[in-house]
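First the structure, in the form of structure tokens, and then the observations on it.
Each chain carries a letter (A, B, C and D) given by its place in the written order, and its residues are counted from 1.
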Amino acid sequence: MSKKAVQGATHHLCMPVESRKQAARRLAIAKGHLESIQKMLDDPEIYCIDVLRQLKAVQGALSRAGEVVLRGHLEAHVTTAHERGDQGRIVEELMEALKYH
Amino acid sequence: MSKKAVQGATHHLCMPVESRKQAARRLAIAKGHLESIQKMLDDPEIYCIDVLRQLKAVQGALSRAGEVVLRGHLEAHVTTAHERGDQGRIVEELMEALKYH
Amino acid sequence: MSKKAVQGATHHLCMPVESRKQAARRLAIAKGHLESIQKMLDDPEIYCIDVLRQLKAVQGALSRAGEVVLRGHLEAHVTTAHERGDQGRIVEELMEALKYH
Amino acid sequence: MSKKAVQGATHHLCMPVESRKQAARRLAIAKGHLESIQKMLDDPEIYCIDVLRQLKAVQGALSRAGEVVLRGHLEAHVTTAHERGDQGRIVEELMEALKYH
């Protein structure tokens, strides 16, 4: 039995493929923003407030990636938890992941 | 008159060099985290909650970069604003930058 | 047909009684904090930072009330949405309620 | 020597009177919202999402109160810190108060 099959047996909830693709797109945007801040920080004339504004833009892009992942998780795994019978674990780990979100 | 002197005349507040270096270090950490999430998203077996946890780690690294920038700005530019006479602009732009922070 | 029955027909999801009681307890704590800030603000000698700290304490108490409500909602309504067949609406309104949370 | 004079000697930074009045007005609004949620929680038919929405409105009112206090603090105390010579303490306590804000 392959390693993959064994993992699948103990943990069968996989992220929906569409969520993975959308989240990857948004992460690529966030990474582009982040790299442009890295360039800003090489400029000795850069102004603090301009850096703070760009950091906020990256945080926004990451939040939107998080929303994509959360929506996919709710649709694919949380709304079906009672049927599968794992609602206890599903609620605990989601509450933990949303803390300070 | 040099380009620097002209810029200095219209906008003489530059980010403290120590803040720039510290913020750059923290951004590099955030970028490393972000790239590891990009790899996670290539794995069809990945679980949503694990992605959310890693996204939270990147958000934390970015917040710490933002704290470095903010602290440098407060020390170098905000606490001296009344002496320079630009406290009106300094307060407005800081309030705007802190919104939803 | 009673008013209650009609409401029940169009909107049958009620907050779990235990969540309502716990949330009410936490709101009472938040209200007590808030009233003590109101008294602080009558004192002309009060210091801004002390008010900000107390406001943060109230925000914390409200967040904990929100966590109680969210947990009850996940357990009672979200994990059972697929069985009821209203998962579309349940996910939309939860995503909206969690925005900027 | 009066009690007030002694306090003034050790801690002479008082919240600007206009900030105190504006913050008090916004807190009164927040308290009104909070009391209406307390009434909602007495209704056994209430729906979780409606409570979450109202909690978000109270959090918003408190944030606006916090913005008033922060703006008054920046104007009255932070932009003048270098002149007074207490910029070290002013920056530390502000960074602490803004954490998780």
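Just so we're on the same page, a residue touches a chain if its C-beta (ideal position, glycine included) is under 8 Å from a C-beta of that chain, and two chains touch if they have at least 3 such contacts.
Chain labels with UniProt names: A, B, C, D = Copper-sensing transcriptional repressor CsoR.
Since we're looking at a predicted model, the values are computed, not measured.
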| item | value |
| --- | --- |
| Separation of chain A from chain C, taking each centre as the mean of its C-alpha atoms, in whole Å | 25 |
| Interchain centroid distance [CA atoms averaged], chain B/chain C, Å | 32 |
| Mean-CA-position distance for chain D and chain C (Å) | 21 |
| Per-residue overlap in chain C, given as positions that touch at least 2 other chains | 70, 94, 100-101 |
| Overall pattern in which the protein chains touch one another (line/ring/star/complete/other) | ring |
| Full enumeration of touching chain pairs | A-B, A-C, B-D, C-D |
| In the complex, chain C residues that touch chain D | 4, 7, 11, 13-15, 17, 19-20, 23-24, 27-28, 30-31, 34-35, 37-38, 41-42, 44-49, 51-53, 55-56, 58-59, 62-63, 65-66, 69-70, 72-73, 76-77, 93-94, 97, 100-101 |
| Chain B-facing residues of chain D, complex | 67, 70-71, 74-75, 78-83, 87, 90-91, 94-95, 98-99, 101 |
